[in-house]
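What follows is a single structure, written as C-alpha cells, with notes after it.
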Amino acid sequence: MIAMSHFTYRPARDELAYTFGGRLPVAHVRSGDLITVHTEDCFGGLVRGPADLPSQVCQMPYLNPVSGPFFVEDAEPGDTLAVHLLSIEPARDWGVSATFPYFGALTSTSHTATLQPPLDERVWVYGIDRHAGVVRYRATASDHMVELPLDPMIGTIGVAPAAMESRSTIVPDYYGGNLDTPELRAGTTLYLGVNVHGAILALGDGHARQGHGEVCGVGVEIATVTTLAVEVIKGTDTAWPHLETDTAIMSVGCARPLEDAYRMAHQDLTGWTVDLCGLHTLDAYQLISQAGRAPIGNVCDPNYTVLAAIDKALLPQRQAAYRDAHARLRALAAVQG
Amino acid sequence: MIAMSHFTYRPARDELAYTFGGRLPVAHVRSGDLITVHTEDCFGGLVRGPADLPSQVCQMPYLNPVSGPFFVEDAEPGDTLAVHLLSIEPARDWGVSATFPYFGALTSTSHTATLQPPLDERVWVYGIDRHAGVVRYRATASDHMVELPLDPMIGTIGVAPAAMESRSTIVPDYYGGNLDTPELRAGTTLYLGVNVHGAILALGDGHARQGHGEVCGVGVEIATVTTLAVEVIKGTDTAWPHLETDTAIMSVGCARPLEDAYRMAHQDLTGWTVDLCGLHTLDAYQLISQAGRAPIGNVCDPNYTVLAAIDKALLPQRQAAYRDAHARLRALAAVQG
Amino acid sequence: MIAMSHFTYRPARDELAYTFGGRLPVAHVRSGDLITVHTEDCFGGLVRGPADLPSQVCQMPYLNPVSGPFFVEDAEPGDTLAVHLLSIEPARDWGVSATFPYFGALTSTSHTATLQPPLDERVWVYGIDRHAGVVRYRATASDHMVELPLDPMIGTIGVAPAAMESRSTIVPDYYGGNLDTPELRAGTTLYLGVNVHGAILALGDGHARQGHGEVCGVGVEIATVTTLAVEVIKGTDTAWPHLETDTAIMSVGCARPLEDAYRMAHQDLTGWTVDLCGLHTLDAYQLISQAGRAPIGNVCDPNYTVLAAIDKALLPQRQAAYRDAHARLRALAAVQG
Amino acid sequence: MIAMSHFTYRPARDELAYTFGGRLPVAHVRSGDLITVHTEDCFGGLVRGPADLPSQVCQMPYLNPVSGPFFVEDAEPGDTLAVHLLSIEPARDWGVSATFPYFGALTSTSHTATLQPPLDERVWVYGIDRHAGVVRYRATASDHMVELPLDPMIGTIGVAPAAMESRSTIVPDYYGGNLDTPELRAGTTLYLGVNVHGAILALGDGHARQGHGEVCGVGVEIATVTTLAVEVIKGTDTAWPHLETDTAIMSVGCARPLEDAYRMAHQDLTGWTVDLCGLHTLDAYQLISQAGRAPIGNVCDPNYTVLAAIDKALLPQRQAAYRDAHARLRALAAVQG
C-alpha cells in the first residue's frame, strides 16, 4: 500500500460537529490516505483563563466538538475501519482543565444524584512546552507548580452508530466516541466496526495528558493538529473498539457500572485472542488473568471506559490482527511522516 | 378545554419507526386533541408461536417499533408535553413473551459479559380475554396454566431527545422511550420535557402486563389501540419523565447501575415536591423516606428504570402539578370516552 | 405442634448486641416456643428530640442494637430456622427518624465518596397512635403535618453467619441482619439457613413504617415488643432469606450494586419455585417475569436489599414450602395470641 | 530505630486462620521487629495438579488461609500499623491457578446471579524459576507455553476489623484482607488503621504474579516465605489502607460497584495529599486528575479493589508520610536483609 493522498481539514467554528451520526460528511477519504485534521478542545476554545467558567462560557449541547465527519470510500457495514494515529500535535502553547458542576467522579452528578450543592467550579491553565515535552501544572490556591510529561491523546474519535442512531459526542460506546483513554496516542491503531455506508469518521477532544479515569471529569484539554492514516478491512466485523500498538492488543469496554466495562473489555479480548491464536477459550482467559493489564479510561462520562490489554509477545505464533493493518499503516506513516 | 379533534393513526408496516429523533412527523396534533394510535408489538407482530424464535424472525435494528412520530403544535424546547393515556386496548386475542439470547436480568448480556453460552431461546404465547380481564399463562414444559390480571400498559413512549441525538427505541432515558413500567396504564398522565420544535411524540410496545423489572427481558407483548390526549404546558421545563394519576405523583429515573436510577427518581421527586408544596428539601426527603413507593420498571434495557412515587393526599395544601393538566385531560377523556 | 413454652426477654442496656455471630446466647428456645422480645430502636433510644443529633449522642459501633441472641435447640448447619412474626407492638408513643452525615441514598457516603460536605443532620419525631393505627409526620421547617399508616416491621433479624464470621448489625446478608424491608411485618414467616450449632437468633431495629428503599437511611425508628414463634426445619438448607405470608412467597437478595440484589432475589425465587412446583426453570422464569413483584427494601445499608415475590395462588398444585411451617406457626400464633 | 528482633513463624496446618478478627494471636511483636512468616497458598496447598479440582479438594470455609495473627505491642485503636514488605519468596517451584464454579469476573456468580450453568472448572500449574525470575504458563488444551515475569505479591494481609467484627479472609475491606493487588510486593510499606488492642496482624495468599483485576478469580497462587518489618505510628489514624513505595503513595478503595472503589481510593488520596502537602482540595483533585494512576486490584472478590496512586516527586515540598516510616523501615530492611 502506498499513500493515495494527504489532505488537511480545518473546520470553521460553525462546521464543528456535536454528534456521531446524523451529520453529512465534509470530505471523502480512501484506504491509504493520510488526513491531517485540526481539532478544537472540548470547550470549543472558549475557556482560556480562570474567569472563563465552562458552565458560563459554553452552552449545551455545544460541548466536545469533533472535526469531520469523513466519508471513507468502500467502507460498508460488516467491515472494519482501521485508523492509525501518526501524530497528535498540540495546536497552542496552553491547555485547560476545570471542575464542572455535577460532573466528575468525586461529586454527585445528574445520574449519581444527591441533594448536595455542587463543588466549586474552577479553571486550571496549563503551559505546554512541546520541545521540553512537558505540561506545567500550577495550583490555583497555593504556589505549587510541577511539570508533567506531555503525552498527547485524542479523547473522542468514532464512526456513525448503527440502528439509525445519532449520539452526542460526550458519549463513548461501541462505535468509539468519547473513549477518553491515554492509549489513543500517536503510534496506536484503532479498529472500529463500520455501521453505515462510508463509516463517517470524526475526531476531536485532544488532551495534553490525563490521569487514569479522568477523575475530575476533564483532562488537560487542547486543540490539536492530528494526522491519521485509514484503511478499510473488508469483510471483518468488530463489535467493540480494538487498539493495537507495536507491542500490544487491547479491547475497549464502555458501560456502567464500571465492572461491566471491565467485563466487556476482558470478554472481548479473550475472544479476540482465541480468534487470532487458536487458544482454547479457558486457556486465553487464564493467560489474560495473569498477564493482562486493565487501564481505566474514564469514570466520568455517560459510559465509563476500561481497556483490557495483552502483550503480543505472550501470545502463540499467530496470524496478525486485521491482516497486519497496524504494520502496514505504521510503515505508511514512516514513509509519509 | 374541549377536545379540538380526534384522529386515528394506523401505520403501515414500513411506516413504523425505530428511533426517537431523526425522523419526520407523520401528523400534526394540537393541545386538546385526542389521538387513537394503533401500535405493533415489540417484535413487529412476527412472533406468533413457539417456532417463531425472535432472534430468527426479527432483524436488528427492526425491534420495538413505535407509531408516529407526531408533531405537537406550539411545543417548543423549555415547554412540557402532557400525554394522558385514555385507553390501551389489546388489538389481538393473544400476546407473546420470550427469552432472547443474552438479554434479560438472569443471564449474562452484551454488557454484563461472561464466557457462558446463552440460555435457551423460547416463546410463550398468552391468551388475552378482554371481557374476563385476564391473560392466560401456559407453561411450555409442563401442564401448568394460570390466569393473570390483564393490566395493559404502554412500554415505549417518548419525544425526540435533545442535543441533536437520535436514540433507538430500545433505550429509556430523560425523553421517555422504553420506560417499561406498568404505571403507564390508562388513567395516567405522562409529562415529558420538550427538547425540539414540535416535541415529536411516538409510542408503541404495549404489554398486556409485566412483572416488576421485566426480569426475562420481555413482557406479555401486544399490539394495541391506544387513545391519548395531549396538552402543551408552556414555559415549564421537565428534566425527567413525570407521571400523575388521580392519587399520586411519580418521577422516573433511568440509569445503570440500578441504584443510580433509584437516586435520580428520588432526587427528582424530592425537588418536585419542594416546588409544588414549598416544603423544605429535607422535610420532603423525610416524608418520601417514610411514605414513598419505588416500583421498579425494567432491569433489562440499556438503562434500568425505577420510579419514585408519593400519594398526593400526603402532601400539604398544594398547587396542582402542571397547572392541573391531569385533571383537565382526565375530564376531557371522560367527555370523549 | 403445640407451643412448648412462651417466655419473655427484655435486655438491660448493656446486654444489647451489635453483631450477628461472635456472641454467646442469652437463652435457649425450642421449636414451637413463643418468644416475646423487647427491642430497642436503632439509636439505642438515645435520640428523643431535635437536639439529639445521632452523630453526637450515639457512638460507633453502638448503633442498631439487637436483642438476643437465642440458642435454638436442635438447629444445626444444613437446617433451616423458621421464625414467624406474631406481633410487633411499638413500645412507646413516639418514633424518630433523622438524616445522618454521609448516610442515605441521596447523599455522598463513605462508599459513594465525593469531595462535597454532608447534608445537614436533622431529627424528626413522630407521634405513634396505636389505636388509630397512624404515625404522625411533622415537618421541621414548615407547618405540614400528616398521618401515615402505622405498619410496624422488624428491620434487623438474623442468625450467626457461617465461616466463623461475626458481622455488624448494620449489615444485611444471607444470614439476615439489617434487611430493612417492610415485608417483615406481623403475619410473615422468615426462613433462614442455619450456619452454626444453635442458629443464634437475634432481632431489633423496629420501624413504625418505612418507604421503599429507606431513602434517607433511617425509618421511623421504634422500640418494640415483638412476639415470635420458631421452628427448626431439619435437613433443609436455605441459601438466602425466604419469606412466606398467607398469600405469597418471597426471596431476599442483598448486594451492591442494586441490580445484583435484584438478580439474586429473582434467581433464588426462580429456583425455589422450581423446587416447590416442578416447573421447568424457564417456565418459572417466565411466570415470575409477568407476575412477580420486586419490592425494594433498602438502598442505604452496606448491602442493598431487594425482594422477589410471587403469589402462591399463581403456582401449580404444589407441596407446601418447608413442610407447611408457615401454616403451622400461624395456627400456633392463633391459639396463643 | 534498630531491629529489636527477628523471628520466624511457620504454622502447622491446623494453625492456619480463616478470619481477620475473632482469633487469638500466635505471637507478640514490637515496632522494629522483623518477622519471617511462612504462608500457604489460597488452596491450602491442596491443589497440585489438573486432577485436583478446587471445589472438590477444598472445603468451604477453609479457603485462603492466613498465617498469624500477630499481636503488635503498643498498637491501640487510633494508631496506624506500618508493615514493610522486605521480601516475598516463593516457597515451592510451582504455583497454581484455576477456574472455580461461579467465581471470577467473566462468569455469573453467587452475587451476579443468572440461570446459566457454570464455566468448566480447570487447573493450571505454573513452573516458577526464581533464578530466572519467571513464571511458566502452559496451556491446557493446546501446546502454547510462555514465560511471564515473576512478580511475587501478598494477596491477603490485614488486621482485625472494628465493631467487634470477624471477617472471612476472602473479603477485602478497610482493615486490609484480600486486597489482591500486585502493588503489595517487596519494597512496599502498607499502612493500616489499628482497630483493636494489639492490631492482630495476619497474612497469606501469595501470588507469583497476577493480571489487573485477577479476572478469572485466581492468581498464580503460591506458598511463600515473607519477611516483614512493623512499626506502630502512635496517634495517627488511617481510614483506608495506604501504600508507600520509594516513589509513590497510594490509597486503596474496596467496594462494589467498581466505581465506588475508584471513588473511595481517589477521595482518600485527595485528602491524604491535602494533609501531607497543604494543597487546596480542588488543587489536589486537579493534580491527581492529570497525573494519577488507578491500578485495578481485583474484580472478583466480595469487594472489588482499586488503587489511586500519585508519584511523590509531583507533590510540593512535603512532610514525609507517617513520620517517614517507609524510609525508616526500608533502612532497617537494608541492614537486616
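For reference, chains read A, B, C and D in written order, and residue numbers begin at 1 within each chain.
Everything that follows uses one rule, which is that contacts are C-beta pairs under 8 Å (C-beta built on N, C-alpha and C of every residue); 3 or more make two chains touch, one makes a residue touch a chain.
Listed by chain with UniProt protein names: A, B, C, D = Acetamidase/formamidase family protein.
This is a predicted model, so every value here is computed, not measured.
Participant: Where are there more C-beta contacts: B-C or C-D?
Facilitator: It is B-C, judged by the count of C-beta pairs in contact.
Participant: Any idea how many Å lie between the Cα centroids of chain B and chain D?
Facilitator: Taking the mean C-alpha position of each chain, the two centres sit 48 Å apart.
Participant: Distance-wise, how many Å sit between the C-alpha centres of chain B and chain C, to the nearest whole number?
Facilitator: From the centre of chain B to the centre of chain C is 33 Å.
Participant: Using mean CA coordinates as chain centres, what's the chain C-chain D distance in Å?
Facilitator: 35
Participant: Among the residues of chain A, which are close enough to touch at least two other chains?
Facilitator: 106, 112-115, 119, 256-257, 263, 266-267, 270, 282, 285, in rising order.
Participant: Think of each chain as a node with edges to the chains it touches; is that a line, ring, star, complete or other?
Facilitator: Topology of touching chains reads as complete, every chain touching all others.
Participant: Any idea which chain C residues touch chain B in the complex?
Facilitator: So the residues of chain C in touch with chain B come to 97, 99, 105-106, 119-120, 122, 124, 135, 137, 139-142, 144, 146, 148, 209-220, 256-259, 262-263, 266-267, 270, 277-280, 282-283, 285-296, 299, 304, 306, 308, 314-316.
Participant: For the complex, which residues does chain A have touching chain B?
Facilitator: Counting only chain A, the residues touching chain B are 18-19, 21-22, 60-61, 110-115, 162-168, 253, 255-257, 260, 263-264, 266-268, 270, 281-282, 285.
Participant: Enumerate the contact residues on chain D facing chain B in the complex.
Facilitator: Chain D residues touching chain B: 106-108, 112-119, 257.
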